[in-house]
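To start, I am sharing the structure in question, which I have written as structure tokens.
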Amino acid sequence: MAKTVILGVIGSDAHVVGITILEQALSAAGFDVVNLGVQTSQEDFITAARDADAEAVLISSLYGHAEQDCQGFRERLDEAGLDIVTYIGGNLAVGQDDFEETRRRFRELGFDRVFDSETDPEDAIAALRQDLQIATTEAERHRVEG
Amino acid sequence: MLRDEPIPGEQLRRIDEEIRGNWPTGQAVDFEEAIAFHESLPASKRFADVLEAAEKPLLQPRAGVPRLDDQIDLLEHLQNAGQADLLPTTIDSYTRDNEYEKAQQGLDDARADGEDTLNGFPAVNHGVDGCRELIEALDAPIEVRHGTPDARLLASITFAGGFQSFEGGPISYNIPYTKEHDLEETIRHWQFVDRLAGAYTERGVRINREPFGPLTGTLVPPCIAIAVMVIEGMLAVTQGVRSITLGYGQVGNLVQDVAALHALRSLGEEYLGDDVAVTTVFHEWMGGFPPDEARANGVIGLGGMTAAVAQPDKVITKSPQEFQGVPTKEANAAGLRTTRQLVDMVIEQNVQLVGVDRELNLIQKASRELIEEVLALGDGDVAQGTLAAFDSGALDVPFAPSDSAKGDVLPARDDDGRIRIFEFADLALSDDVKEIHRNRLDSRADTEGRDQTFRMVADDVDAISDGKLIGRPQGGD
Amino acid sequence: MLRDEPIPGEQLRRIDEEIRGNWPTGQAVDFEEAIAFHESLPASKRFADVLEAAEKPLLQPRAGVPRLDDQIDLLEHLQNAGQADLLPTTIDSYTRDNEYEKAQQGLDDARADGEDTLNGFPAVNHGVDGCRELIEALDAPIEVRHGTPDARLLASITFAGGFQSFEGGPISYNIPYTKEHDLEETIRHWQFVDRLAGAYTERGVRINREPFGPLTGTLVPPCIAIAVMVIEGMLAVTQGVRSITLGYGQVGNLVQDVAALHALRSLGEEYLGDDVAVTTVFHEWMGGFPPDEARANGVIGLGGMTAAVAQPDKVITKSPQEFQGVPTKEANAAGLRTTRQLVDMVIEQNVQLVGVDRELNLIQKASRELIEEVLALGDGDVAQGTLAAFDSGALDVPFAPSDSAKGDVLPARDDDGRIRIFEFADLALSDDVKEIHRNRLDSRADTEGRDQTFRMVADDVDAISDGKLIGRPQGGD
Amino acid sequence: MAKTVILGVIGSDAHVVGITILEQALSAAGFDVVNLGVQTSQEDFITAARDADAEAVLISSLYGHAEQDCQGFRERLDEAGLDIVTYIGGNLAVGQDDFEETRRRFRELGFDRVFDSETDPEDAIAALRQDLQIATTEAERHRVEG
């Protein structure tokens, strides 16, 4: 059965391009995608994850304020009893910090994986397959690694 | 039920009174007195006449600051140093959200300490008299440019204030701009705006209306932009608008841009009828700009070149500071002059490009399929058809944040850099058209030695700001 | 008597020793040691190889300052901030007049107080070691660009100093640059330069030679520029040069510029033979620039556009500060990046223009008539033919200050802005060609409602700096 | 018989375009033209005028230093016994002065006519015809006035 993932741009960020491409790529890869679109609050992510019985929440942020927008998100998921995979990706800090430092900070906020804005949709899909233990066909594995 | 029918006179008056009650400055609007003011304006400020009589593309920038005196200074600079033919007044974001109180606070702050917290000119707060002072201070005609889904009060005040051109439309100022505005409601609101423009028109004051062609500004396939333009044009004509400027945003491929502008004009004339003056406006590149003024000038140069070949009636120019947001007035004027130099050097050359006709036919066929599907879905009613088409995805806009559009369509460039459709979703295009798009994208995939992939789409979005047209795989990948 | 024959080895050595005695730094030149130095350079600094292997047009600016450290800084900026593919070193005016003493004084002043009274890099005074320091400091290949009628010592020192490309030629660095230099003598001097380049070439160090295509930079008809390029190419090949870059200066009409660059390449390949690598260089507009950086960027934009369509091997870029003379290094780099952005956005579009073939045929026919007349006048000897042709006016350059050319030919733009010949004087063109030129100018005269008049010529000279391509009568006239 | 006129750019000015156009226009109008070209000294003008038995000397200057270059020219012509018409035209002053003031100064230097850089060749020809008392055909007069 197809796994359901929640997708959205957090905070007051209105960058729609990345998430649109990701939605299409996830759908094409066989996921059930709930795309919450831009300007999505923490509440909306949590409600949607619970309502859809989702297995993962993928958050996008491109305007540099992700750290504020994501404060306490993991804790609220835990309060809601949602033991769910969480990814975040995009331009996660204003200015160009060392990305490893950014990754560390967002791991501390509780995200399972942290991606930069250069990430291919295929990389996120490969990660989801691994984390959600979905079998990959040979052909797909080849494409993902290519 | 929403229908594409003229708002009856009594209903128009009732809505007008209601919305003018939303903010104190609304009370100053008096239609008869406004007609008299428009009649007092010299011919050089009659927007529709000036635009429709032009022999070569007229240039217009974007510009708006909160204070009236500053706005006058800014427009004088663009008129004199920039040699703009037509002037703009760009409205602030609070007004776009109908938050007139916040706009007033921003205007008060700007007046008190000169600090601009507003990103445009709050025309509602300036009121009829403020608008007229602006109109009277400048020599050229001025258009209201904004991005307001519910622009009824803005239209009421700016029309009475002497503006004779008004950008926007129910699809083009909703789908690309907002997340939660209901499309049906937005169409109703724009029927009012268009009916008001129609009321002026019937009294001999032709208010020019300009649907916003670039939509999301991000690799929009020409057939989608053209279909939206023609639909908004039809809705406006129903309400009595007789001067319509259909818009199109540069995609950066010279042949496709020229073909699209020609297709836009011919389909506009075909669908909007003989008693409507149809003109076209070409927006210089609305996507991401290079973070470098020198490279930005290259992008603007291609825009000016395209305008010289396609010869639209109007060009909205960009500035070399586009990357950093709102430009200085000097940079804004520079963008105008760079464009002017290219247009003036190239326009007399009568440049003809090989392949325009073929691309024109493809764009026209696809645009017509979308328009006809909208009409069919509404049983001939374009308003109902529009709702049904966006609901089903038969009509869709790529990268639209709005919940009112599916946003499932994805574009990518082909091997010549022309925008094709990578993901059609439910878009109402024929198999013929789809096959051409797929074949063209296959050619690109072959060239690049990769499958058609979502990565192409992402690469193409950033390509021009990275200095190329097509997002080819880089050496490192 | 002057003949188009290789300078014998012994004579080469005798002249070489003689001219190296003209200034102390000449003594440091040692041919064998120079060959070894060239062989030590990495492949990325072999000018001819880099240019000939390029898959798209390489960009090169102009730049020269007196001090070595400053020249290194300047070229590093153009290489890094400007992303120049090929670098220049522009030589100062005293050196062009062989006044090495004055150049030395200027260099001493620059070293003492940092003031630049020299308008370029005095390579002779810097000597072999100074040149090598420059070559070693930069990553890209560097060309010597100058304007020197008698460039023998400059060539001797810069070749030994590691430069592998050298601009100029006996016609192109005489007729447009000076009043009183004798053409026969200048040909002899360039036979030496070319023979020296040939000597290096025979040892595996291919010195690239680049005749100066724009000539007077003022509305030069393409057939004249091309004839001069092919003649200078033939003279160079005789002396053993095997890498030749033929030049052409933008006239501003897209179709004519594309056609001319194609004609230049095909006639170059035809006349210079199979064992010579022929490449082309396109100079962005060499006439008067608008006194406004924004408008200048428009002119540069058209240059980049033309380069993307015509695809020459190399482009010499202009800067937005062209009007005021020598640009800052930032403006110079900006001109490079504006050009780069346009070339990179447009080149993959494979733009094809209607009418290029017809214009190409006309240019080829006229160019061939001039070249064949030169060969006929010399009974097959191109050197003798050149002297006879310039003497009789069978070959002529418009607006040439030189007493060695008649300077009787006058150009004007036709109704599409293409350069035609208004006054043929004694130019060796057939009646067929002349009739086409006259007819095209008649069309323009009809459009403008005036006779073909000398005023057209004057108006056209100033048109681009005034913001247009064609010097049409203004309203007031 | 055709009248002979001397043409040249005075001083170290190398602007060749204007004088080239003027030479062609004068030749086409039936004058015998001796074009001394750019970078011509006062001596060269005087020698050429004497040798060619010229009726007029037309001096061009576009680089802004004409006033220095022309100091004493009229006096030298007089010394050489050359009672000859003299014109000057071009950008005669650095910066954009009032042209009437410029004209006055060059009239004081002894020039019979002073033209600005916007002058048509036809205007100079018409002036020469008047000053040298050459008859104009109807057709030509029409063109000159057009």
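Order as written gives the chain letters A, B, C and D; numbering starts at 1 within each chain.
Following the convention adopted for this analysis, contacts are C-beta pairs under 8 Å (C-beta built on N, C-alpha and C of every residue); 3 or more make two chains touch, one makes a residue touch a chain.
Here the structure is a predicted model, which means the values were calculated and not measured.
> Taking the mean of the C-alpha atoms as each chain's centre, how many Å separate chain A from chain C?
57
> Taking each chain's centre as its mean C-alpha position, how far apart are chain C and chain D in Å?
The computed centroid separation for chain C versus chain D comes out at 33 Å.
> Counting only Cα atoms for the centres, state how far chain B is from chain C in Å.
46
> Where the CA atoms of chain A average out and where those of chain D average out, how many Å apart are those spots?
80
> Sort the chain contact graph into one of these: line, ring, star, complete or other.
If you draw each chain as a dot and join those that touch, you get an open line.
> Touching pairs of chains, which are they?
Those chain pairs satisfying the definition are A-B, B-C, C-D.
> Applying the document's contact rule, which stretches of chain A touch chain B when the two form their complex?
Within the complex, chain A contacts chain B at residues 14, 16-18, 20-22, 24-25, 28, 37-39, 120-122, 143, 146.
> Of all residues in chain B, which touch chain C in the complex?
Interface residues on the chain B side: 252-255, 290, 292-302, 304-305, 320, 333-342, 344-346, 348-355, 415-417, 464, 467-470.
> Can you check the complex and tell me which residues of chain B touch chain A?
Contacts found on chain B: 179, 216, 218, 398-401, 403, 407-408, 410, 423, 450-451, 453-455, 457-458, 461.
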